[in-house]
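Listed next: structures, encoded as structure tokens.
In the two assemblies presented below, subunit A is common to both, partnered first by subunit B and then by subunit C.
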Partner chain A sequence: MATVSKPVDVVIVGFGWTGAIMAIELAQAGLNVLALERGEDAATVPNWAYPKVVDEIAQSARNGLLQNLSKTTVTIRHGKNERAVPYRQIGSFKPGTGVGGAGIHWSGVHSRVMPQELRLKSHITERYGAHFIPAGMTLQDWGVSFAELEPYFDRFEAVCGTSGKAGNIQGRMLEGGNPFEAPRSREFPLPPLTDPPTSALFAKATNELGYHPYPLPAANASRPYTNPYGCQLGPCNFCGFCSDYGCINYSKASPQTTILPALYRLPNFALRTHAHVLKVNTDNTGKVATGVTYVDAEGREVEQPASMVILAAFHLHNVRLMLSSGIGKPYDPDTGEGTVGRNFCYQLLNSVNLFFDQSVYINQFMGAGGVGQAIEDFYADNFDHGPQGFIGGGVIWGRQTGNGPVRGIPLPPGSPSWGSGWKAAVKENFLHAGRIEAQMSNMAYRGCFLDLDPTYRDAYGTPLLRMTLNWQDNDLRMSEFFGERLSQIGKAMGAKSMSGRVLKRGDNWDTRAYQSTHINGGTAMGADPKTSVVNKYLQSWDASNLFVLGANVFAHGIGYNPTGLVGALAYWSAANIRSAYLKSPGPLVHA
Partner chain B sequence: MVAGLPAMQLPEGASPPSSAPAPDHPSVPDYRPSYFTSVEWAFINAACARLIPVDQHGPGGVELGVPQYIDRQMGTPWADGAIWYMQGPFFAAAPEFGYQSQLTPKQQYRLGIKAIDTLCHERLNMPFAALTPAQQDDVLKQIEKGSLTSTELSLSTFFSGFLLKNVMEGYFGDPMYGGNRDMAAWKMIGYPGVRADYLEWVGEAKPYPYGPVSIYGKRG
Partner chain C sequence: MSTQRRAVRRPWVIATLALIALVIAAVVAIVAHRPDIALPPTLAQRQPDAARGAYVAVLGDCAFCHTKGGGQPFAGGLKLSTPIGAVYSSNITPDPETGIGNYSLEDFVRVMRFGVRPDGARLYPAMPYTAYARATDQDLQDLLAYLQSRVAPVHEASRTTDIPWPLNLRWPLALWNAEFHDPSRFKTDTSKDDQWNRGAYLVEGLAHCGTCHTPRGLFFEEKDVRGVTNLYLSGTKLDGGSPINLRGNEGDGLGRWSAGAIASLLQSGRNEQSAVTGSMADVVRHSTQYMTEHDVAAIAAYLKSLSPAPGERARFAANDTTTRTVMAGTERSPGGRIYMDSCAACHRLSGGGESLTFPTLAGNSTVLNSDPSSLVAVILNGARIPATDATPTGLAMPGFGWRYDDIDIAALATFIRTSWGNDATPVSARQVSQLRHELSLSRADR
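Showing the complex of A and B:
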């Protein structure tokens, strides 16, 4: 029998970016807020102190800051008639753990969304006709507009102290920014970071090719900064330990550096770590969430009653909680009915290593997760897709994220993988290699979805989430298009040779090598309860006192890094809870 | 405002987090392995000497302590598969679904070394460690490309997923883990280690002027 804990106004499941945002916004509104985090507590000191954290063996080789898959993982298959097998080791994507979640080991690229992406189905239909959407692609609009979200993008950037250069302030186009940018209300909080060698070469080459390079927005502070909560950031020193690492300098935005110091001062907020939530409880109508049940550090089940439940864990856990709690109708790929698990998407990443002459110093050991130059000439629908015959696009960038030798030294094609020849190659190339990438959208498909695995269970006895996903023809043709551009840009940058990975038709999703943690979809937001799990305010269509945050609400995989949109949606949801829901609890949208 | 909610809890028996790095255990000249048997230790040393040989480009893996690094790693939770999902059932799957074996790293080394030595005995009447360098290279190349196989386990997985990966970690990891003695592998490639402060240098595409620093503050 579960112990019953004292009721709270709001229980938040998961304490990364979205949990921290929702906690401070609702605690500031006077609610009694409890956050449940399954992992450890963590803070810049002691967890990411120098030199403890800048340890490639502990962090990169042994996944020190990532989810321990022995406790829980997912299973994966490429199609619905295959048997799924467990994701036993960290590979293609890297879920975080503990207080701060993936907001600790992220790189800090801080983009928004392109307005047309939020209404992609309508946009494609208007410009190219409904016939342009291939059979099996389940495109749908997101039910929210860019104009509605803009104040919350702005808010999240102000919280993060994001470094960048505006290209479009309220319709006024500005030199030095992204000419494809949707209107911003104001300039970035901080100016762009200094360009490392890779980014400088990328900007020069793409400019000469007639493209439009701009400094990638980075939640790595370029100057000292104090955010609206009074939290202070220090300037990034390009230490080279960013993605996979916690920040030693209080420069990379994380819940710890930007929100938690202010939140922890509020007496009506509490945090319980080592609390693994098993399910959202509902009343006998199934239409009201009554709280959650979790397992504590001692393995005891605890029932936590609450007036509101917020799912704020990482994508995988949010979707699984919806499925294992029986809220909403699970998606059925045969009939196309049901919503929970529908429109599960990922992102495609083409990564090309560039090898330069010995006179060209790239110094890949220096860098920051978010620093870089990028072009959006081929993002979303910034170019005519008619002749191309595919839907989607991506951002192409020359980032220099910082790399050390345990993380792997890229080598030119044909290099040996060991022995004297390998030694000669690492010695010759380590300081003279850079990387350019294309990060691309992934459309939603009828056959790509999430459900519960029938065979495998986690350490708590709960069925694992099962991923059914593979690359589809539309997206692979897009990837080939981007492969050609990467090759063109790499040559223009002066590379004497190139190696890497460009996804081509016939390629399957390979779960072994890291490509991106940007998995999304599965509890899509939208205007139609037949095709979405939450409404535009991220409120469950089925239980109005349940809100579901995270990239799992995306209706398809966008080309940008998702954190900017995930954070903005959390602020947007919180603002509507404060302004509307708390005054009159119940559905904010009537189906 | 409602006060009196329970504060952050540390589970009983858990030690408070520390800002200290992992312990400083650099390589020692008279190291005795804790996990590997003498036969296995001979294999590890011989394989390491071929994967990263002594040559004109820089130091070899054995002289930098890489075998010690691997032996010490056998005492970490990783070596028992503790950071992986290791529940069954185990099914063979296409390579792109990743590791699907029930063998832990410790078991990979135990079975992998035994299988390779058995193959060497069958073909050349000697264990791997007693072969000539050219014969050893040939065996390793055949294992890597999958033309030399065992019924016991996937030798190519043992080679690429464990042996070669761990040799590279030991060679390039911080000296506190037992390999990369005196940061010699870092010096070879021009990596400044954990200096981790490049604000004044990042905008200039020039040679970085300083030598490496290790986690325990030694300078190379």
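Showing the complex of A and C:
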């Protein structure tokens, strides 16, 4: 029998980026807000204090900041007729845990979305005809426009102190920025970070090839910064420990650096850590969420009543909670009916290491997660897809994120893999090697979906989420196209040899090697309740006092890093809750 | 013969006995004396203003000492270490039995101005009645009104001290008071403007800056409580830290600070020249951040009027020799190497830090302090700039005491005190070792 806790106005499940955003926006509106986080509390000091946190073995090899897969994980299979098996070791993707969530160990690449991507189905149909969409690809519009979201992209960038250079301010094109950029209301909060050697070479080469390099927007502060909440960031020192690490320097935007100090001063906000939410409770009509049930640190079940429930955990847990709470109709791949679990997507990453001669110093021990130069000549529909015969696109970048011995030192093809030969190759190449990558959108398919595993359960007795996904012909042809571009750019940068990974037709999703943490979809947003789980305000079609945040609301994959869009959608949802929902609770969109 | 001798000596014996009797009588008189608080009759007619009193409580930073960690506001119980043992702050909520619910205005003024409780017991000067004495009758009246009408009563008996017998006898404090305590109200200096006088009133009185910043004598008395000598607020050593010199010295004092910089430090715990450390962070957190612009400006103006403190003190003349050496990769000193590994990421190779974020070390008064205790304490245990309503982050530096030994830390502190134009005395490993010991004791206290 669960203990019943004192009711609150809003209970937030998960306390990473979206939980923190929703918590401060609703607490500032005067609501009594409670956040439930399954993991531990953490702060810059002491948790990410130098030098203890910059430990490659603890963080990169042993995944110190990531979800403990022995307590709860997912199962994975490539197709619906296979038996899924549990993801027992961190490999292809890296779910975070604890206060700050994946916002602690992310890199800081802070992009928006291309307006076409929010209405890709309509856009492709208009430009290439409906027949261009392959059978089995379940494209759909998102139900929200870029213009509606722009103020919230701007807001999230102002909160993060994002460093970048505008290419398009209200339609006015600016030198030095991204010429493909959708109109922004104003310049970035901070100027771009200084280009490290890889990025400088990338910019020069792509410019000579006729492409359009621009400084990648980075939530790594280039200057001291105070955000609209009064929270402060210190400038990045290019230590090279962003991805997998907490920032030692208050430089990388995270809930801890940008929101929590202001939030924690509000008396109407409370946080409970070690609270693992089992399900969202509903009343007997199933149309009203009444709160959540969680397990506390001592293993006791606690029922937390609330007038509003916000799902703000990582993608996987939000989708799993919807399925295990029985809210909405689970997707059925055979009939194509149902919505929860539909349009589960991922992202493709081709990565090429470049080896230069001894005169070119790259110094890959230094860098920052978000620093780099990028091109969008092949992003979304910025190029003619007609002759290519695939849908989607990606961003190509020359980032320099920092590297060290435990994270793996790339060596030219043919180098010995151990012993004194390996050491000699490391010595010869470490200071003279860089990396370029293409990050590509993964489209939605009828056969790629999420549901509850019939066999495996987690430590709390709940069925694991089951992923059914594999690369499709469309994606792999796109990947091959990008592989050619990477090779062209690498040569133009002056690499004497290259190695790396480019996904090609015939390749399957390999869950053992890191690919990307940018999984998305499964509780799509949209205008049609038959194909989406939440409306354009991220409000559940089924229970109007339940809001679902996170990349799980993406209708299909995008080429950019998702955090910018995830944060903007959370601000957009919060703003609409404040301006409309609180005045008149109920559905904000009538189906 | 013996009779004769007795007779000869008798006057001396009598005189000696008389003297002893006189001394005893004087001591008894001093000890038994209940100070006359002499309140003007007009005060009784005045309507106390509790809202104003709330602000007086902020100025006096009453809440911090009178609230223990996790305790009810003003219910006391905070442990305050003194050289003779710990004392615990008292309950000043309006609870009639354990708090000050039954205090009359006279009772309250006697405590605040003379350190004498209604039952006649003397307070230890850990309670800064030595400074609060300067407060106006009106401020004290409003403060009492606030404490008695706006604070929730808490029934919680005040703790007795940890001071051993015979030092725990309170009557000798009367003699201490007779010798060292000046109970007179603040006197306006008519040769100075209103802002200066307001600043002096706050600094000498409610804000009790001298309690930490003025050096103390053999009997722990502040060497100057009225700002008449240049020892006043000239910096000291206290609780494993070294409150800085607030006088006009160019190196370790506030000579290079503008009045605006002083105000900014009081409001947000940091400015372009420095950041607060140690107990001053609590002062900013609980008191100075809530002071009005007018009052912080007055304090700044008053402090800027103070002449330099005497003695050979550290100097600062900015130069980039150190920066050029480290940029060229030729800095080989152990202290310099540790600096580059563990400090430069934030404080930069230039020692200049980052504006209002990572404090500059070049020209920083805490770095240049004659007594390096605060600097070494920060290196050992880290520090946190106080989070305020306007600046909520509370930027923190981790401690490095676990990573470096006394010799390393002495080398690092010396490097910092002698680089970028800093010219302060070196720090010895013995000083670091001693401070480590003091800090571990004061940590155990908490």
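Criterion: the second predicted complex is superposed on the first by the 591 of 591 C-alpha atoms of A that agree within 3 Å, B and C clash if a C-alpha of one lies under 4 Å from a C-alpha of the other, contacts with A are read in each partner's own complex, and residues count from 1 in each chain.
The rule is simple: a residue touches a chain if its C-beta (ideal position, glycine included) is under 8 Å from a C-beta of that chain, and two chains touch if they have at least 3 such contacts.
Computed from a predicted structure; not experimentally measured.
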Which superposed partner A:70 touches (first subunit B, second subunit C, both, neither): first
Which superposed partner A:382 touches (first subunit B, second subunit C, both, neither): neither
First (subunit B), second (subunit C), both or neither touched by A:265: second
Touched partner set for A:231, first subunit B, second subunit C, both or neither: second
Which of subunit B and subunit C A:194 touches, first, second, both or neither: first
Partner chain(s) touched by A:45 [first = subunit B, second = subunit C, both, neither]: both
Partner chain in contact with A:239 - subunit B first, subunit C second, else both or neither: both
Partner chain in contact with A:361 - subunit B first, subunit C second, else both or neither: first
Which partner, subunit B or subunit C, touches more subunit A residues: B
Subunit B versus subunit C as contact partner of A:248, first or second or both or neither: both
Shared contact residues on subunit A - subunit B and subunit C: 45-46, 49-51, 235, 237, 239, 248
Subunit A partner contacts - residues on subunit C that touch it in the complex: 342, 345-346, 354-358, 382, 384, 387, 389-398, 403
Partner subunit A, residues of subunit B touching it in the complex: 1-3, 5-12, 14, 17-22, 50-53, 55, 57-58, 76, 78, 81-87, 89, 91, 93-100, 137, 140, 144, 164, 167-169, 172-174, 177, 185-186, 188-192, 194, 196-199, 201-203, 205-208, 215-217
Sites on subunit A touched by subunit C in the complex: 43-46, 49-51, 224, 226, 229-235, 237, 239, 248-250, 257, 261-262, 264-265
Residues of subunit A that touch subunit B when the two form their complex: 6, 8-9, 30, 32, 34, 40-42, 45-47, 49-52, 54-58, 61-63, 68-70, 73, 76, 83, 85-89, 91, 194-197, 200, 235-241, 248, 267-274, 297-298, 360-363, 365-367, 404-406, 409, 417-420, 422-424, 426-427, 430-431, 455-457, 508-512
